[in-house]
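Please go over the structures that come below.
Shared between the two complexes below is chain A, which has chain B as its partner in the first and chain C in the second.
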Partner chain A sequence: MRREPPRTLGDYLPILFPAGMLTIFFVVPFGTMIAVSFFQRQQGGFYTPAFVYDNYARFLSGFFGGVLGFSLMLAIAVAACCVVLALPFTYLLTRMARRVQVVWLVALLSVLSLSEVIIGFAWSTLFSRTAGITNILVALGLMGEAKALTPSFAAVLTGMVYQAFPYTVLVLFPALVRLDPTLTEAARTLGASPLRAFFTVVVPALRNTITATLIMVFIFALGSYLLPQLLGRPQHWTLSVLITDQAIYQSNMPFAAAMAVFLVLVTLGLVALTVIAGRKGEAA
Partner chain B sequence: MSGLALQNVVKEFGSFTAVNDVDLTVPHGTFVCMLGPSGCGKTTLLRMIAGLDLPTSGSIGLDGEDITRVPTHKRNLGMVFQSLALFPHLTVGENIAYPLRIRSAPKEDQKKRVDELLSMIHLSGYADRPVSKLSGGQRQRVAIARALAISPKLFLLDEPLSALDAKLREAMQVELRQLQQRLGITTIVVTHDQREAMTMADTVVVMNGGEIRQAASPIEIYRRPADSFVADFIGQTNLIEAEADTSGRVTVLGQPVPGLQLPPAAAKAMLSVRPEEVRLTAPGAGALSGTVTFVRDLGGTIETFVDVAGRQIVAVSTPRARPQVTVGQQVGVALTPDVCVVLAR
Partner chain C sequence: MIINSIKRRTLLGAGLAGASMLAMPAVLRAQDKSLKVGVYGGYFKDSFDKNIFPEFTKATGIAIESVAEPTGEAWLVQLEQAARAGQAPADVSMMSQVAMLKGQATDLWTPIDMTKIQNGSNLLDRFVNKYPDGRIAGIGAVSWYITLVTNTDVYKEAPTSWQAFWDPANADKLGLLALVSNSFLLEVTAKTFMGGTNALDTEEGILKTFEKLAEVKPNVRLWYRDEAQFEQALKSGEIPMGQYYHDVTGLAAADGHPVRSTFPKEGGIQDSGCWALSRASQKVEEAHIFIDYMCQPAVQATLSRKVGTSPTVKRESTDLTDKEFAAVSSDIEPIVPRYDLYQTKSDWLNQKWTELIVG
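On to the complex of A and B.
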């Protein structure tokens, strides 16, 4: 296939539609949000056009800084858990028979079809005292009496990992399928046990894929605002929860917009850092 | 016993028998080529020797020890894969040092051994290059060096040269053979290229349909093939039917050939005659008479295609002994008993 830069206006036609949609539904709303973040808030839910830094200044308090820190930490924890669980899982899955692979992938895709609300309520039931999994442990004699596991940080983490796990598998799957199976066989003939072959060959050979997956799950988890409310205490609420709270319940659009913009900037910064660190590692 | 011993090795994949009851002894320090068409079970056999596949039944012994169930990573072998399987995330030096690193060899020893191996494969100074920056032949050498890093008991290669172009392949064959002789290491190579097998091997093992058809020295295989498959697979040959009547007189393609004898009690047999052993004579003087259908002059050799009673016989000669024949000419084909290998039919 020949690749030439488009020359006439006609050459640009095919991208006009997607570019238009992107502009109308992404660039314009995002621009509006940036603008609103500088507006002056009026009591009673309105705001007037202005150019003030108040909204950003308010954000720089200890409380919101803490929430931002917690949100980032939670997203990183979710990304790390997902990749640590999904990498060996997907690796083993690619080695299975075609039919088994299809069954697993369909099951994972069906998890994707569940809404965040359903996932949240399902886990809060599973973690509850009256109907939760602790009752099974009691029945097995492993536990004295049933207890509630939610609300807690572990419950939030579990719910979010459950939600992001199928995405992680689907992103890792193509890369692992393409990985030459003779690489691990070669490692084994050279003296590495299957486990060591996995850690010394599969993981390093897939370093770039793993980084990309971590970033994807991280961003995915950063936007979560229902699960922390359903499964966590107020101290487990993420910045997204606060943004929703400000925008919908406190009717403070400018402040909500400012937080959203800040969150985007921090996220972009972290992703850029990761990519740069990855490049450096590549060069070394 | 020193060396490799396979006993009644069988490998089944579902209802398909890939390797059927193979017995093979490879004395220490020999170079064995397993040769056969694709799907003949040679790679499966190699993978079982490496421990990457488990035999359905039978046993594999190395230096008197049964290794049938020993996992691959404890067999202390070196293997070169068809894809080479160099680790893309490691440099040339790190690739070669990998088996030493896995065995936690001291850093200085690793470095010394890598330098030794790099100079052995004529790639000194390449240690810090990424493997992606190497040419096909250089990658080949790195894969060989990596497999030899621990001085393995057994050196296995699966179609190692198939990715190289013809010239480089021939050069690597010679290099590989010289390397093996210098190190005295027991080596098993799987190949479908009979020239490669003839160049390198002490013993050629010809396989077909999951069975060993013949295992012998290259020249023995060429001169005295065990059956018509081996005769046809190794080099070029003319396979011609022969019949004997009750008095023992042998006819080939309807014409009597005096002096030729078939094994006792065999009324039918197959003759294998190498093209370079076929002599063309004046019509009538030879045992068989036929018509020249085509002459292929390749410069170095001349192939003459002769039609004898509907069967094509190829004769190869050198330019000096060039037969003065043209297409359509009647010629005699001399089949003397000493050039005919009699095979079962």
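On to the complex of A and C.
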């Protein structure tokens, strides 16, 4: 079957509905947010329509720069951990029997049905001193005394990787299933060990998929605001936590909007950079 | 074909939306004698639904639809946004003092007509919330204390002073509220170390207080926004000390959990909620009847017994025994939050506070 490019207006009609939905539920709210980010904050009240740069000016400080830097670093770390864990896992999964695959995928999907709140509370219990996993280590004689593993950076990272892992597998799965098995077989025939074949054949063949997955998990992790609060100390709070504080608790919508716009711009910039770097790499 | 089906679907959708919009006023008219009341979700709302609202409906014939509102100022933001669109998600809401002041700034609250609140004479003056020009913005609903709480398994002896927060022996053991405008820790610090909350009159005074407060940071394990998070950790002993609500702690202790609430010698933090009427509400008449009903000493006494809150009416007007009153209050002079600061300096305080705990 050959795909014809759309020519008449009628050919474009099927995409009008999704386009309309995107406009109503994404473009319009985002436009409103940009507008609000220039409004005048009324201290102790709400805001009045205006065009001022104060909200952006307040954001441009060492303090918020640090928080933004930490948020980006955390999201990158989560994306990297997820892909490093999920790639070999998914690769092995695609080599398994159909029935085993289904069981694994259903298990992963069921993790997706858990809310962030449940994941956060579950991990904070697992990492607690009174009921956590260190008690098992004590019982086994591996540890002298039970201790709390949360709040800490490691706890935040664990929680977020746990949450993003199923998405990562589900994004990688189709590409890995479609991967031509003769590629690895050829590598094996030429004398490569399975590990070597994985790194020299599978990983390069999936470079675009891996990049796309990294970007997706990165963006997913950047929006997280509950897990850093539940599992981390204040220095592990992401920019999203501070945006929530401003919007919900300080009723400072203009400042919250300005921070959100800034976060979106930085994210888009980083994604663009990744894509450009990817293209250059391909050309070389 | 495609064009036709889209048209039909669009038409169907528009028709449905239109029909439901037309039907709405009829639904509202049918429930004329009703009132939507916002109270803090969870334990508070359950208690009101069980002990207070059915009696009110029996006495007045006005049906109550209770709405669970989030704590803090989240509800204020929602009410304000809705009022701008002419909507009232709740007619009457229980609002904290900081939220009352912020709502005043945008005339969010319909002024209360005191001639319609016959039981208003029982109220203590400090629980009548007024606009700067003297109009009544809200009427005290309940008041509560935030006190020093401990896990009795970990702390055999109850601490006696807020100074326990600064004790190096309590490293990594505290759970404190995460926001400057609901933890009132500046007031606690000022009262404990600077001779009183007047120390917060000037910016230098506030900065000095922040400096002193920064010393508790190594002792804090959890800065919580979500009450359940701390309550659970306190009960299990995971985080054995902190600041929490006197009423809920008392109930947890009554349920057999190893927790206690102590009024420190510098006083507990007294905060209160007001009944306030959104300017978008059409139910002014019903709202006044409701507020008047809630100001009755008997209802206030029921709240103290069932919900554990402290009355907003004069104590002698109620039939609370000494023991019952002591369970919800204390003779020690309370720390009264500097609500004015959270209006005039809110952004500056918030910035300094965030830098203090995050930095």
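Following the convention adopted for this analysis, the second predicted complex is superposed on the first by the 270 of 284 C-alpha atoms of A that agree within 3 Å, B and C clash if a C-alpha of one lies under 4 Å from a C-alpha of the other, contacts with A are read in each partner's own complex, and residues count from 1 in each chain.
Following the convention adopted for this analysis, a residue touches a chain if its C-beta (ideal position, glycine included) is under 8 Å from a C-beta of that chain, and two chains touch if they have at least 3 such contacts.
Note that the coordinates shown come from a computational prediction; the quantities given were computed from them, not determined experimentally.
If you stack the two complexes on chain A, which partner ends up touching A:275: first (chain B), second (chain C), both, or neither?
It touches nothing on chain B or chain C.
Should A:52 be classified as contacting the first partner (chain B), the second (chain C), both, or neither?
In the superposed model, A:52 contacts neither chain B nor chain C.
With the two structures laid over each other on chain A, which partner does A:63 touch: chain B (first), chain C (second), both, or neither?
second
Hey, is it chain B or chain C that touches more of chain A?
When the residues of chain A touched by each partner are counted, C comes out ahead.
A:128 contacts which: chain B (first), chain C (second), both, neither?
It touches chain C, and chain B stays clear.
Applying the touch criterion given at the start, work out whether A:252 contacts chain B, chain C, both or neither, answering first, second, both or neither.
Once the two structures are laid over each other on A, A:252 reaches chain C alone.
Considering only the touch criterion stated at the top, classify A:205 as touching first (chain B), second (chain C), both, or neither.
A:205 contacts chain B only, not chain C.
In the complex formed with chain A, which residues of chain C make contact?
2-3, 6, 72-74, 76-77, 80, 101-102, 105-106, 178-179, 181, 221-223, 225-226, 229, 233, 236-238, 342-347, 350-351, 354-355, 357-359
Contact residues on chain A for chain B in the complex?
Its residues touching chain B are 180, 182-183, 185-194, 196-197, 200-201, 204-205, 207.
Going by the contact rule set out above, which residues of chain A touch chain C in the complex?
Counting only chain A, the residues touching chain C are 10, 13-14, 16-17, 41-46, 58, 63, 67, 121, 124, 128-131, 148, 151, 229-230, 234-235, 237, 242, 245, 247-253.
Which residues of chain B touch chain A in the complex?
50-52, 71-73, 75-79, 81-83, 85, 87-90, 98-99, 101-103, 146-147, 149-150, 156
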